[in-house]
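The structures considered in this document are given below.
In what comes next, chain A is part of two complexes: it sits with chain B in the first one and with chain C in the second one.
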Partner chain A sequence: MDKTVTAARKRSPAGLIILVLAAIILALLPLVIQGYWIRVITSLFMYAAMAEALNLVVGYAGYAAFGNGVFFGIGAYMTAILMTHYKWGFFPASAISGLTAMLIAFILGWPVLRLRGHYFAIATIGINMAVMEIVTYVGITGGGKGISLPLYPGDIVKQGMFFYYSMFILMLVSIAITAWIVHGRLGYGLRAIKTQPDAAEVMGIDTTLYKVYAWSISALITGIAGSLNAYWLTFLEPIYVFDIMISVEVFVMVLLGGPGTILGPILGAFFLKLLSELVWSQFTLIHMGVLGLIIVVISLFLPAGLMGLLRQAGRWRRTAPQSLGNR
Partner chain B sequence: MDWQVIINGLLLGGLYGLAAIGFSLIWGVMNIVDLAQGAYLTLGAYITFWLFNLWGVDPFLTLPISALVLFGLGYLIESQIIKRVLRYGLVMMLVVTYGLNLLLQNAMLVAWSADYRSVTPAYSGAGLVIGGASIPYIRLALFIAALLLVGLLTFFLSRTRMGNAIRATSLNRLAASFVGVRTDFIYALTYGLAAATVGMAGSLISMVYTVSPSLGGTFMTKIFVVTVLGGFGSISGAVVGGLILGVTEALTASYVAPGLMNAVSFIMLVLILIFRPQGLFGKQFYGVTN
Partner chain C sequence: MGTSKVQGADALITLENVATGYGIAQALWDVSLELHHGEIVALIGSNGAGKTTMLRVLSGVLPLWSGEFKIQGQSVKGCTTPDLVDRGICHVPEGRQLFFGMSVEENLRMGAFALQKSSAEINKNLAWVYELFPEVARRRNQLAGTLSGGEQQMVAIGRGLMGEPAILLIDELSLGLAPVIVDRILEALQVIHRQRQLTIFMVEQDVEVALSIASRAYILENGRIVREGRNEQLMNDTAIREAYLGL
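Presenting the complex of A and B:
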């Protein structure tokens, strides 16, 4: 464990340079591309931020938050209600939406995060469905008919830029928060909980508190992503924003990239979204099935994700060929 | 109190119970939350629909066929896919079973379209009236069929050699393998059996619900609630959980608001998980904890 941490620290300058370069390229990209691709990459950033947020709970704490999309929906609906019924501006509405999601996670976290394994996963699915049903039922949300948000003021190009850079910043922030958590006390605590929850408890870690922190931060980021997405699409329906498929897709991104790594989920999100955009955006009928197939293939052949594959490749290069056999 | 509401709830609850048994069994024996159960249920419903529609086979007579097809499919999926992913832990299992669900559901969508279809045997209209409450024969027959299947499964698990092997494996896989149980085979058998059970539930359900590829998704959420209510791994728990859910839904729909029916059952799910994660009836039948 110690060795891998120091190794990661040593390697980080090169990784950091690549990361900064990638960020600069993505920041300048709107000078070259437009329209359709701006939209595609904006949604890519959104999913990357959500994958990174989920990674905190799934990858680091080892808790299968299968219904994390509920915070996406809560953020979206909070923004919609504040902007349409109370005429708030977007930024305060978005901030409150993120904080609401965070608060809900914080409150629900105390009882729910005491559950282990399958119980927690099913509880999060239950929460997701319950909130969806309530939002559909309550009048202020527009119910099953949905709700329309005010349009972004300004022309379509400006609008595109606004959401591109907002989602971009959200993604960078989610990476920064994860990196900060991972190298701090909370990160060590979470990894201890993942490896051996009882031992972590004995060592003096308030395990529930740590998990609640991680889930709340995850909810904050997911909630703001939902809020931005609501303002971007300007129309919401419970069945769309609380769709369990959103959670599942983000889950797959985390697993594909590599849970418990800082850049894995981002990589996973880019890979899966680009693949889906390039390869099967025209075949909408089998879109779901192909996603299912990809999931099965990943689980069978790539259980440690893309980052795991990279690491494996690095290890083989360094120690080849005598230790190829042991694993 | 309106007896009609309670009776409707109970009759539906029997089906919920049967539908949840496979899920509960897999959880209890293999420690897997199997999100693909919904797709097996849908497939069972389609098997009945097509046999009835194309060859006029009586829906009740399609049960064995449904069971056989789904047992085969379940056995195949366990031995080819699930078995290989088991060691990567529960997060991976959740995702892979959901992936299978998507794949199967999509395959049915492509093959048979999203059209709503229904199975309507000649006797589906009639019913009997007892003390002011009317009971459609078909619902009663479904309820009885569901209970009979539950009885059959209980008998198999408690009285046959193979059933005992399944229970032994669920208590302790390693110990079971020491005394000569082929646990790999038992896992595949359990999974196939669970798929067959939920498939038969789907066959029964097709007679009172419209059949479409999304049928399983609706029932999946009910399966969660029923299993958590009854305590996972327990067959009798699943039946009682199913009855409770059926009655709760019927009461909510007629006395609170039809729109809140699902919300109430999901809130119930979360509350029970928080306060009584072992289910309403305490002791688990099978041994796996966590």
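Presenting the complex of A and C:
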């Protein structure tokens, strides 16, 4: 009789098989696609990694980090500066960019993560705007005119492959990090903080420290995404990389896919990006309007996102043969 | 096992002339209190008397404005909550505050979060909690939010016990629960007390509930302790009977 409410989640082997298959297909995809679609899927991986990173803060810790795009911009600019002014290679520059984003999140986290709810969301937007202003008016970044990075050595096909697989690996790493966190102390601590911050504290969880950890890891992944993106596009402008719409779009991906689930944000990113590529690119003028509409629809009808919908569908299928009593 | 009640000798917890509050609003004035090893002590008071504030002081959530807070004679003034959890203080918060997204078992395991113990020892404690509350054991894989209020209170207490505390602070145990459930939980607390010589400090509005298992009680009114005494002294005090028991 307790069956319907028994909600202890068990990992189904079927889910894992689907996941591995999907990864293999994506890894082999460049054999059959090229040019435009390689670029589309590369950016898809990038957004998926950023959504997964944001999910740590939004989905698990329950903090509406609305300005997480700031770490994307910081990662991008750090890489640009190291590669152009100091002639660093890409990989060390990228590593330092990720770590810089992480360090900034770690330092800002102590004051900012003490705020709750709307105050935190607004503070993160403020940080994004402030950093954009600083980057615009500082000489080393090239200011408002932007900055150009060295080109990836090699032909255009090799270049496409490099970024495709780099972003792909970044996405896989972001999933692996999330899975590792969720099943460990940090994950339990974050989930406790999300539901009952006061009770979490009296359990002996250092709540501020845990939130700072989550935000820092989130910033690290986002910073590396920004770094890769900078090298990929080879040209940066403050108004492009610090665009608040990057934060908003990634946020919508998390909500759409299912905050607080490991694969939800990935699903949300794929869904939203492909949809925008296939449909809205034909109607650029109403793009923003449709995005707004999607936000409204998700919050009204899909509070647990696509993952919630999938879970619900699974439950219906399992309970359908029995009578509809019990609930 | 007789616990000596010599003043100050074996006090587990001491508050001396404590004042505190929120922002500029003072909530406690000149509060002094002592809890000894293995005692069950109640804190009684009406709404807004400062009972929960007192627990927030004891669990380190609220800093002191003035006065002294000691555990086993050592000052812990200014210690953070995780520090105090390390020293054996466990707060079972008002309204249970379970982690609703987690199963009953996950909630209980969260109680051992700060504990540096092997999983075998943690599992032993888990088995003990299930033995104390078999009704909870049956629902170990259910989400905590699907439990009844009484079962949730049992999980909240169980979660507290998982941290192997030296002292359990329980806020408004009886709030919103049927009397028969309250009796069931009080019975379990007495078993816990007997088996582990745990010190229990319970905050209650319901004086009958409080005095049914406590050996001593403090009475808080408007942020000050106005009376303290042994169970039977207070039970026979006409002023208290009139004010709190309605007899």
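In this section, the second predicted complex is superposed on the first by the 308 of 327 C-alpha atoms of A that agree within 3 Å, B and C clash if a C-alpha of one lies under 4 Å from a C-alpha of the other, contacts with A are read in each partner's own complex, and residues count from 1 in each chain.
Convention: a contact is a pair of C-beta atoms (placed from the backbone, for glycine too) under 8 Å apart; a residue touches a chain by one contact, two chains touch by 3 or more.
Every value quoted in this text rests on a predicted model; they were computed, and no experiment measured them.
Counted by residues of chain A touched, the larger count belongs to B, out of chain B and chain C.
Looking at the shared chain after the overlay, A:Ser276 reaches neither chain B nor chain C.
Within the superposed three-chain model, A:Val296 lies in touch with chain B and out of touch with chain C [touch as defined at top].
Of the two partner chains placed by the overlay, neither chain B nor chain C lies in contact with A:Thr84. Contact residues of chain A toward chain C in the complex are 2, 5-8, 185, 188-189, 191-192, 194-196, 198-206, 260. Residues of chain B touching chain A in their complex: 27, 31, 33, 81, 84-85, 88, 90-92, 94-96, 98-107, 109-110, 221, 224-225, 228, 232, 257, 259-260, 262-263, 266-267, 269-270, 273-274, 277, 290.
Listing the residues of chain A that touch chain B in their complex gives 58, 62, 64, 66, 111-112, 114-119, 121-123, 125-127, 129-130, 133-134, 136-137, 248, 251-252, 255, 259, 285-286, 288-296, 299-300, 303. Residue ranges on chain C touching chain A, taken from their complex, read 59, 61, 80-82, 85-86, 90-91, 93, 97-103, 105-106, 109-111, 113-114, 139, 141-143, 146, 159, 163.
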